[in-house]
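Shown below is the structure under consideration.
Chain naming follows the written order as A, B, C and D, and within any one chain the residues start at number 1.
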């Protein structure tokens, strides 16, 4: 049984397990005030080419998402995102549970359009900021998106410009940031992100770590008492160095990109195999998540050997099905599935 | 430098690191629906001698505390606890941030008294449940308490009886439950807890795991959609088996009790050494946390070799100082500190 | 200047002012525990032909809306409503500010369709109540709707049946209930509402009172500590008899229906005048709110003599414009506007 | 039966009823954007001798209290007040329901002490603003207090100075501000309040209006989008001019002070009568609320003719009992009670 259902079905890259074992007998300061968190923050500063940013290590992505929102938004503020945005569609209203409305605009293959965003936001101001409507204060996008697509540098710049025009914060969910950066058509860097957005995170859980997300605060105003928000919402791990250590291992020498590049390449092999066999794509993704349209019969043929994720019906005869690769995907896994795709 | 400042300054017991390494190449279902979580739940059911309970694995204790409260309390309900209760004094108002008032009653060496609890609660009902006061719906206690003391079985029964009389839920914070169960004067069992309270947890982070708390829901009514609350607040770990596996290793053959018993014994050795040298105790604790009164001069003498926690001034000349033991404390650590206590 | 912009631009029906003046020298118990609130509740019970219901008097409709939601929904529950629903579009996220997500479905002239509602809700259960989605626990509709339209008895029964099938509460916002009941095509009664929904309210502010909404709790389970929710959110007026008295005056002898029937008739006169003059309707409303499409030139012609509400652009050349009638609208007001419509 | 149980058991001062009747046929803009609210704001500016302040009219005091808190505090911020503070003891956790912790310090006859306040706040900063504690961001006091006592100008200045030293906002609950200003020993003015605190309110409900509180925002930074908070929490009355009109009537020519001065004088007559008869005072109040200690037998003697408020047992033989005067208290009421006090 080979798991393609998601990118978090195995433990961590062996280098991480090794590092955890080697440091297990050492004592550290708690709550993220240790030396590994400091080292990882330093590496991230270098990669972002920005000295004044701050990094906080979270156990998970849902925490990162709702706590960042809670730390920035006042009760009368709302966050704008794609209808497919993870905070809107997959996190059990964690943002609303902290008191904030999510305003959605239509997605285009998982992405929002800067022009549509501007029209949407402008309408609030053109009405004179009426008190019966919330203030759109933040824009949330995912890079890569929930459909595996990525924003180009130009698109990021356009969204960032709209945000700055209207005094909105730009928050980039990078749970799969590695896969986005490693995509063949990626033209943005961490330094670009650090200059274009106010806060983003570098995903660990889905990119080779046991768990963890590195939240990077680029806008110094957002750093103010940020750790209080983390503590209040249970995101300050007692043994916080476990997170810092993992990111240090992943980022110090490029392992993070090695992992995600390989996974992207494997995923593209699968995409090509599906296309070659006439299986329609649900979306043309350049990253480790591939969404194709399969008939129920095709799904049944693959089910005995592979785990994949059924995303629901696309039409009368097809389901949208997701295949993911990750650090643990092997050439053998890919070759096996490619061979079986040909038999569909 | 030997760390006695807390019980979470080293990684995990080696058996856990070994298990993580051995299972790293295996694929698992996500979000706690895997085989290890199931096995750990089964072991806990056996230890609690109760078939119908449910177990949920949380990354951390603050999450466990506020999410359990959020899942039980309506906005008009409050939780009653000692003024020293962790949720009142150490978690940045995480409970209030979900909308609930904490009503405090005085602690006695960290514990609440069942009689005082009853008087406090009864006054609400004797006033006719006025709408300008919240409904005391839950009682929160810690076992062991924040001061290292433990409730006897009789005390637990008395508190439980008050709760049932007034329709309140009893929630036991067991972040240090192992140390309480291993205390020389402990006379309660997991089965007692499972029958006396509505929900409790078995602490992992402070008792030898990398991280994790096993929340045990004893009252079936509280199980309803509980995982939605976890998801909404970011407590469902993607690679949830990492938590189940750790608890399985700790609980299946008694390792949990071995770890905490040894730590308690070491702590009692320290307590005896302090007393023998005439150092006054702040509280007489039977568990791994020892609180003593040191002068600033005494603190300065110990500071070069040991890390300990200054809890603030007790009087003009003394500070309350905490010394903790844990899975990583060695006989050499204890002997060294005992020798230096004699020199104070 | 004649005000047609809304139905709350004048004080109260003279009978209410008279009653307030006459009772001003009498002392009453506070917080709604007085004799007038009791009398008004009794009248409402009779009108609803249901003995076991409870009535609570609120100062305003936004309070009624979000407090009813807060009293029924758990943090993991959501409320389903039309995208045009008042709680979604006009109350500054008051429901989200209490922690709950609003799930919207498309409106049809302001109304939701029972079949579409069922499909929407069923998809949650067909997915197995996944923890990453909230539980649709309540349905909110407005009668009359925000566009002036009304649900037929058959439509109400169909929506109620879907709610009961899936264990959802049905909440009817009756801020303009009088206008709905007085509509020429209305075929439902207060008794129908009381049997079909779990909670609804009889609007006062927009139907002739100084202020106030009478929230009717039909489902006894929802009465439990309801007043605590009101108090917590500031909706228990100290001089609560002011609200009970107004509803008693409005409801005891049919004044409420007299007021709203006359206003509806006047509004229909306006609708006919617009149609006769070739002004297109935005929606065909049978109640006191009329929405028509005017050019900017037409708006300019009316602006010197009338206040009306510009709802924004409908297309390149038209705006949606609202004209409302109320207790204070006179035959002279209507005749004047009718004459001026002919000159557009 | 003469009502001394509270100061909100009758309607409004006749001048208000008259004004409501006289303006009933006039149309106004909604939501507090009318001419009466503007006029009332102008009068308050003059009385406060401060041009740049803003005034918002609320239907009730609980709303004013929790909405002001919600508008100022971030989730990680807390409000400091006396344990007897209305927000802590009488409003069903309305502040906590918006997510904020209340930190209490001991009251002294209902008041807090500036020195104790400073010690309390300083301890947070001396600990280094730890993330497990909330940030004390606001101080809440009541003038007059819940026990009828008042702060002197010197006391207000001292509290204000502590607030400014630590960057805290000072919020004065003035539900009974008139009675405080009219007290014989009062030495502060509205202008003093406006310069010493960040926000306060002038109570209407308990000082002669039908309902309403005038929230005065003295610190311009707090005005930002304040009305959004009001709308979100249901405090923007549709017919908002009803509130502005009442305050205009009360404040334009000194009626507010006339009402409260008379009520205070009557209350002092009662206090003297109780003292003269040997009835002990619970607290020595200079305002319209008098708290005395009565035996159950004494209470029974007064109960047939008077309504008063039993505040609970003071000791084995006495209850604390409150007697209030208000705009509707007459010389006859006072003379009758004085005569009956002599018979106790």
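Here is the rule we use: a residue touches a chain if its C-beta (ideal position, glycine included) is under 8 Å from a C-beta of that chain, and two chains touch if they have at least 3 such contacts.
Note that the structure is a prediction, hence the values are computed from the model and not measured.
Among the other chains, C has the CA centre that is most remote from the centre of chain B. Computed from the mean C-alpha positions, the centre of chain C lies at a distance of 33 Å from the centre of chain D.
Mean C-alpha position of chain B lies 42 Å from that of chain D.
The geometric centre of chain B is 50 Å away from that of chain C, both derived from CA atoms.
For chain A, residues touching at least two other chains, in rising order: 75-76, 91-93, 97-99, 131-132, 134, 228, 231-232, 236. With chains as nodes and touching pairs as edges, the resulting graph is complete, every pair of chains being joined. The touching residues of chain A, counted against chain C in their complex, run 75-76, 78, 90-93, 96-102, 127, 131-134, 312.
Listed in rising order, the residues of chain C touching chain B in the complex are 31, 70, 74-76, 98-99, 129, 131-132, 134-135, 225, 227-232, 236.
Those residues of chain A lying in contact with chain B across their complex are 1, 3, 6, 8-12, 14, 17, 20-21, 23-30, 59-67, 91-94, 97-98, 205-206, 210-211, 228, 231-239, 242, 307, 328.
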